[in-house]
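Naming follows writing order (A, B and C), and every chain is counted from residue 1.
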Amino acid sequence: MSQKSETVVYYVLQFIALSAMGSLLLIALFILKEGFPFILEEGPSKFLFSSTWEPAKEHFGIFPMLVGSVWVTFGALVVGGPLGVAGAIYLVEFTPKGLMRIIKPVIELLAGIPSVVYGFMGVAVLAPLIRTYIGGPGLSVLAASLILGIMILPTVMSISMDALNSVPPSYKEGSLALGATRWQTQYMVVLKAAKSGILASIILGMGRAIGETMAVIMVAGNAVKIPNSVLDSVRTLTANIALEMGYATGRHRQALFATGVVLFLVIMMLNSFAMWSLKERRKK
Amino acid sequence: MSRKTISFVVLCSFVMIVFLGSGCGKGKVSVTAAGSTAFQPFAEKLAEQFMQSHPDINVTVQGGGSAVGIQSAVSGAADIGMADLVNLPPEASALKSVVVAKDGIAVIVHPQNPVKDLSIEQIRNIFNGVIKNWSEVGGEERPITVVSREAGSGTRSSFEAIVGGVELIREAVIQDSNGTVRETVANDVNAIGYLSHGLVNEKVKAVTVSGVECTTETITKGQYTLVRPVFFLTKGEPQGAVKAFIDFVLSSEGQKTIVDSGLLPAK
Amino acid sequence: MRIPPRVAQTVARVVLGAATFFTVAVLIFIIGHVLVKGIPVLSFRFLFSNPEDMGRAGGIFPTLVGSVLLPAVALVFAVPLGIGTAVFLTEYTRESKITAAIRFGADCLAGIPSIIFGLFGFIFFVTVLRMGWCILSGGLTLAMMVLPTIIRTTEEAIRAVPYAYREVSFSLGATRWRTVWRVVLPNALPGIVTGIILSLGRSIGETAAVIFTAGSSLRMPSSLFDSVRTMSVHFYILAREGISSENAYGTAAVLVLAVLMVNGISYWLMHQFMKRFS
């Protein structure tokens, strides 16, 4: 092959390489184009902080959904974060290698279970249990948090495990040589060293929880109201879009795209933060 | 795998796409109907029957909701927009509309709920959140879980328009189709909801409204008040395959299917 | 009072162990529940006959076809783009502003929720490009969704190929592209295939992005411009609308088995690949 065709290959590949960037820009462009003018028109503070969402009467306030997303995501982290990190520590540190070789793939396989399946389990098993034994309509913040918490477990677990595994063995050996127990070593040395990786795993899990749609629609009940307790029904930003998108026209539709803009921006901020904290880890 | 195999596979896939894309769709005229999720199951059934007698026409039915039906008929994305609203919005004025069926809206509760009858006034107060406990309408001492549809739904706007003065209670659980409302009510002893009367089944109980049961007979006689029309909307006068399908729906055979499925005839 | 380190260790071990056990148990319960209720429904007829009465009776054949076609279209677009990007990033440039921007783009794309992809696909492919709800719209949307996974895994697979391989090829007078095509990619193939299969798993399970771009028509598609319903959308509709819990479980079982199988294959491949280069 001549030098000339090498140059051609270079430019073709460079062009292809811009596809991911291009996709991102295209998505950002179209979502912003459809939704951003509406936010400006409505006034950002009114759109974000008004708690009345009645599209038929031209009231577009997404505050209840904003709060709903925060509640549900926070709940998912409370459920999935500690369990996931604890599981990761146990598997990396206290599990015989043989058993680990079985459990790790099982957990990674589970990461692929479609979210609708989780959602269905929430409706079929969890919501009736909550309604019967704790109260409320069952379809609630609690149900959504539990389901999302379980959903993000594999993500949190496998990224935390990678972070723990990438702590240099010399750290551990040094600590153990000083007479620390394995738990002390874990707690004082390894966890500190893997901190940013674990943080990243939780943030990525959080991103998944905020962005989840179908499972949340199924279990959250979707009431447009700021929840007073974990037993109240709640609607998230994602659910707001997916529930009403099919039926919306005119300004109502623009308002849903504007909801998408808010979601998009929140996710971008979270991801940038996760990427930054992973980069911090690599630097070390 | 050698590189030849890889290039062959890639090439084949592209060729396949081009062929599938351009070739196979030809030879059939296609009609797309989109809109009301309440009418979608019936439209699917009608389309199936229609295509048996008209093998050269391909009818595709999409959901999306009444608003989407109107919008896609206006934009041309669908040949027929299906809408089940009491009052058609202003965008629809440019479209040609024909009533193909009527549909009752049944108010449903859990089968174990002893409440059998509600007045329009009571229904309004329940959905407004003024009545919060079943004991206030002659039931057990239990909180009421209101289940409604999402903003933009034809069933919801029709329901609210007929009942009148509904300011939906904020706590209401929102579901996005007739089926999901039915499932939610079927799963919750405290729930009340409403749906297309053709879709009521044994999992839920329809209450009588001011003493009138929701049946085909009471609706036809005009005794049952929660009734709305189902429109087919087209851009301009329907022609060709679109006209053939609409004519079929309005024919006695099509209307029979509609009645058999639990809806009411157009006239 | 200080807790003796040995006791703390035992307590920690028990607590962590319990958490792990709980996690694995819950996840296995979910899969077990679906499989136990769904597998009895499965039969040749269920898989290969048409649904009747909105899926209340009959099989799931068109949705099976949908779940094959949609990911296939997605991969046809995403694989060449993803591999090309990875080759460019690893073999054709040094780290620079451009590679940083490309990586940033891919990472961001990976984090975008599927509903946003759905919105985008709906407005761009379905509405602006006037393609309507169809396999192609859905496939292209999914392609954008899985692109970052393919880039990332291919990049890692290419990096794992020892540098000596390339040096030998260069010393024999091969050009860069020839080296990539003949030496690097064949050696990285298992890793690349792993990424592709992972993406396949993700696109089979996707619901939110698909329902807004490929529609939900239950009819057998006759071209790429027909609307289609995938198994996950079908399951979502069956389960939510209470059409038939029996068929819903059956569909879910097929879906779960398909995803487990696909992910299992990719895990096994990854394992083989790791063994080869370590």
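Note that a contact is a pair of C-beta atoms (placed from the backbone, for glycine too) under 8 Å apart; a residue touches a chain by one contact, two chains touch by 3 or more.
The shown structure was predicted, so the numbers you read here are calculated from the model rather than taken from an experiment.
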Among line, ring, star, complete and other, the chain touch graph is complete
Identify the chain pair with more contacting C-beta pairs: A-C or A-B. A-C
Provide the C-alpha centroid distance between subunit A and subunit B, rounded to the nearest whole angstrom. 34
Per the C-alpha means, the centres of subunit A and subunit C lie apart by a whole-Å value of 17
Could you list which residues of subunit B touch at least two other chains? 63, 183
Taking each residue of subunit A in turn, which ones touch at least two of the other chains? 123
Per-residue overlap in subunit C, given as positions that touch at least 2 other chains: 80, 240
Within their complex, state which residues of subunit C touch subunit B. 53-54, 72-73, 76, 79-80, 127, 130, 132-133, 136, 181-182, 185-186, 189, 215-219, 222-227, 237, 240-243
Spell out the residues on subunit A that touch subunit C in their complex, using ranges where they run on. 1, 5-6, 9-10, 12-14, 16-27, 30-31, 34, 82-84, 86-87, 89-91, 94-95, 103, 105-121, 123-125, 150, 153-154, 157, 180-184, 186-187, 204, 207, 210-214, 218, 238, 241-242, 245, 256-257, 260, 263-264, 267-268, 270-272, 274-275
Subunit C contacts subunit A in the complex at 5-6, 8-9, 12-13, 15-17, 19-20, 22-24, 26-28, 30-31, 33-34, 80-81, 84-85, 87-89, 92, 98, 101-102, 104-109, 111-120, 122-124, 128, 144, 147-148, 151, 175-178, 198, 201-202, 204-208, 212, 232, 235-236, 239-240, 248, 252, 255-256, 259-260, 262-264, 267
Which positions of subunit B touch subunit C when the two form their complex? 1, 3, 10, 13-14, 17, 20-25, 28, 32, 41, 44-45, 58, 60-63, 77, 177-180, 182-183, 186, 203
Touching residues on subunit B, where the partner in the complex is subunit A: 37, 63-68, 70-71, 89, 91, 145, 150-154, 157, 170-176, 183-184, 187-188, 190-191
